[in-house]
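A, B, C, D, E and F are the chain letters, set down in written order, and residue numbers restart from 1 in every chain.
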């Protein structure tokens, strides 16, 4: 089991989801996060005081995948999340020792 | 001078003024959260710009001496800056001219603001301000003359000053602005949608209303103000105003029920957005009719508008135009329904004293209503399209795709509507002063 | 016709109308976020339904000719649809009948909406609408007749038309509706809580107010509108209205201070929700009393209500009934406090001209007040319980547990109050059109 | 008694009352989200406390018989509790005294609330309430006497009762309170900032406005209410009120445009916060001038205030004082601009009938305006500083650093403004009752 | 050291917390997330436009636990989060190389 | 590659960011979370009903770092996030098997 975590542009979520669905992966967990990186933020002005916002809104996607699928899923995420511009984000894979589906208690590949 | 009438009209002017912030919130809550400020700003800009233009030459264009006596336009410079009116002896036995000026100013401001709902999230702000000014000058002021400027007559009934053609020659009934305000704004909205095109990604992914309580608040303020809009149009505080007031209440009530019913039948559940949309649809439709029908007639017109608009707003995705917040579906359609149904439901016992088809009158009033409606629709559509097209061709009206993607609030106003958390932004050097002195300051806290 | 009085009553009608959206926001901000829309919708439904019913037969039931001359009910079909009133010669030298119709319509609407706060997050919407209609018809319209329909007399003082028993035979003082509105709604709220039971999980885990600024806004609009409610009840713009106005101000002010003080003493800190609750409690209590007391009396009554209600709302968890937003604790208790304290604080120098116990009068007025309050309480409690119980037994009033768990907004209205982010939902096929043509469209952006 | 005038003044009193909740929301939306409630509470406290003080001795201090005939203070106990006024024969042929009492009460309340914007996020609530009471008593009530209490004269023009020195001896023009309200509050705000010091971390990291739609709503309600504030100050419903009304509209409109222009030029984009700040700046500036200028003059004063305040608010970080929400930059600066420009733009054809420098009058009026402005500024600054300093030295006015860090809402009011999610908090034992009985209760749901 | 991550129904958080408290685990970190999975979302309607909301609000819980406790904690989370209906969520365990308590600098088992 | 996760006091985020910047680490992903731990929450009162809020608002920071930098980064985070009071939070390190920069497809150390 692997856990694939991706931090991507917010508007890419639907595309990532579709590309994973094509691989048969339907489950995932997403969250709103804020990213710092190469991508510059923007400036806001309130009554003449300028604020530099150096975070960028991103979406964090977590997908549990079978060892054998990990590579294909990684590739699918990367290609569907890519726009080619700075700020496209990162994807990383970490090892998972065990997974349980809460409803049934199933573990391992059955659980995802 | 009648102090009761004056108090009434001034209060109504304030009520109608509140409709524009109310509309701003009504619209603002309906867009996605990263476009809420621009939506608010389009209405605010109308309060700023049209407020000033009205004083400069708008009042004069709408209510100045008719140019050529043909009922098309008032003389725009006659009361430039209202200067001639200040300090002039005002011997009216009803209300001071300035009260009328104020009341009508709010109509002009609101009408321009109404249009903005059609172009959520994609109109550059500078060109919008230009559009607002041009549209008020070239479309609203003349049409207000057509509809709201009544002939002045002396005791023997002779006309001493000619007014607008729709109000007088055609004698269409439009008590508070079904044509001048709602059909007018609705047609302009349609023109803008045609010129600017839909939001990128529409109809998928352009988002749901981000703040429905704000929409409900806006609708509440609109309804509240609308009592001033309609009942204030009587210009005196008497029976007409009171009847109009009751009609304004039940017209909206019935429309709300009708819209919810349509939703219940078609989609299984009555929604909040549906209920408040019904309110607005009912208010739009009763606006031209409120002095001409009985309360039962008002219920009928309200119900027709509630159901009619509920169906109409579903057409836009079929007809493939992104009238984002349904200005066409609610204001144009509702305005047409109300204006035309006057021809059917007008009752001689109501203050306007005209009988429609269902009350023993012939089709006479109906065709007058239809001619008025069509005239305003065509004039507004064509002129609005031309103005918008020109702006798009010259300075560019539509926001670029990057701006739309990032969000129009950030792109056009350098702001974000909400900051519920507080992490992640620091004040830039210049405004912050050098760091050292800030710490000094902190030390000075007693 | 007096234009000043007419202007005043019409403006007050608009102010009272605004109280219902104000109340909706006041209540809406107090529930958890996934129930805000349903809370708004319960008030909106009253604006829609009771608005229409009032015109159809409500006004007639409350203010039509007394059936049998016993002061219990007006003739409900006499002014059906208000038809007989339209165009009728109106020779009143104060205000047009329609102004009174409009003003009183808003009272009916508001009273029904008040009840909804007791049943947050668990009343199915369809049955609520039915309840609202039945309750208005069977409880509010009669009680309004009892309290607000005054006898008509001719010059020689003979009664030419009999009014309601509380207003005339009993001669209890209820200037603007402490019994007819607040005790009435509070008793109905209690009945609903008894029938529907508490929210699942209550009192643990049913959530804190999700949007206190919205609650403050609602309270602000309520107070603003309440000036119309109370001072408008004078029906003329003169000294009575002015005194009532000042009393309405200081009654609420004193109650706010008192509630904050109670909190400060009992919990260590004055809270925002406490402050605005104090305002409403004070307004409720001063409503019946506002014409009968001096400003110092208003301060006393306000302070008593602020402190009394602050203590009362803490009882519900002990008494184990989930009056979710404290309709009983604020409106019933506050209404009782105000109604009864008239018997103590009434001053002969105030417009009503009656002396209470503290101002040299006997206990005479006090028992009149008590009888009026008890009568309305009992009538409303019993009838409301019957209506609600019937609805629960037949079509089912209470939402099922799954619905409560998921949230009533989603279950009953298929909507969510807020969308501050924009991920995760797509427009369904039908409305979206086929994909191909959408892309076509996007191409058409100039 | 004139019912039209009475209706007008009472409605205007209600409008001005609404300004305080409007201001609360305007301010509340501008602070970071964990300070929104305290900001709302500071305004609410004024509604509570000053409302009561006004009735007790405030009205009497401002409008009671002048002490010593020098125009400095009214007799504070003459109308204690307004008792002498209740039931007194009121033979005025315009409005009842109580209408005037109500109208002026709202001014006192609002002025105190205005100050609070300067000390966002760091003033302990208890001391704030004390400050509000002391400031109203020692600063506002006297200054209101100076500016708003006019001499009473008999038919032959002899003075029968002496009023305030600024209104009568100096004859400065301050129609609706540029000095008494805005300069007064602005000077007090400055004093508070000096005593309390800046927020910890200011100007870095003290956060951006957390809810701009709320700010826009507040501004909308302020503008709406301001029509009552200015036009109501005419105290009759006639030409003066109508002219003032139009000036109040265009003054604000022009200021909004001017502020947006300054932003466009200096920062590239017009912002929402800028637009609404412009509205308020324009309203402040037109307040003293609204009866003395023509609409063109109002546009000029509005534009000057919009641009002037837009520049002024940027100074605070340079001058290193944390006037958090720009009470000084908008109300003091705007009030000065308006008060002084009367000396230039006053036109004899306007209701006040005085000519300023640009309209052929000499500098006479200008120095009167300047003396009035400086007198109020100095008096308020000194007294306010003393009161605040005393409170800080004795009971401690400023919140401690831990409180600021955690957030003032939690520290002072034990509440949080918003809860959009629902995880993570459970009701404490006492209020929840034992678990068992709760489950019992749940079982009782039918 | 292990990191146990659970994505569960929002209203189960309190129960999970209680069951962990019984095992002596008091610390944890939670966040609002949105989940895609077998569980269907719901439909929302705005002026006749129907939106299919295919995410479901979930809560994500992270608990650092000692190697030896991992199994017991996992079991406790699963049993307390279970309702038996679709959408109950997942729990997974990943290896942790080191943990530090910021306040004291303690590491390893001392840190949690 | 390692993934360093820190749960820290909200107002420490800027300091953590600065200290990482000094080590040359510029990228990171942050999210609002709620923590349970030793630190007590606070009490809120609504109309006399007292609510015990036992969560504390925290910020969760994720940083991907090179194996060799992991230790230095860990130390920097700990020292910059420390106030010495209860509630300062935790930092933990987990192994990462692979990282990809979405924009370029670069992997490993190049990706961060």
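Definition applied: a residue touches a chain if its C-beta (ideal position, glycine included) is under 8 Å from a C-beta of that chain, and two chains touch if they have at least 3 such contacts.
By chain, with names taken from UniProt: A, E, F = Nitrogen regulatory protein P-II.
Keep in mind that this is a model prediction, so the values were computed, not measured.
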Same-site or different-site touching of subunit A by its copy subunit E, using the half cut: different
Of D-F and B-D, pair with higher C-beta contact tally: B-D
Distance between chain centroids, defined by C-alpha means - subunit C, subunit F (Å): 50
Distance from the mean Cα position of subunit C to that of subunit B, given in whole angstrom: 31
Separation of subunit C from subunit E, taking each centre as the mean of its C-alpha atoms, in whole Å: 44
Residues within subunit B bordering two or more other chains: 2-5, 7-8, 11, 203, 205, 208-209, 211, 217, 221, 267, 269, 271, 273, 314, 317, 414-416, 418, 420-427, 431
Multi-partner residues of subunit E (each touching 2 or more other chains): 14, 30-32, 34, 44-46, 48-51, 55, 94-95
Residues of subunit D that touch subunit F when the two form their complex: 205, 405-406, 410, 414-416, 423-428, 430-431
Residues of subunit F that touch subunit E when the two form their complex: 2, 6-8, 31-38, 55, 58, 60, 74, 77-78, 81-95
Residues on subunit E engaged by subunit F in the complex (per definition of touch): 1, 3, 17, 26-31, 64, 94-103, 105, 111-112
Residues on subunit B engaged by subunit E in the complex (per definition of touch): 203, 208-209, 263, 266-267, 269, 271, 273-274, 277, 310, 313-314, 317, 326
Of all residues in subunit B, those that touch subunit D in their complex: 1-8, 10-11, 13-14, 17-18, 20-22, 24-25, 28-29, 36-37, 40-41, 44-45, 47-52, 54-55, 81-83, 86-87, 90, 95-99, 101-102, 105, 125, 211, 214, 217, 221, 412-422, 425-427, 431-433, 437-438, 441-442, 444-446
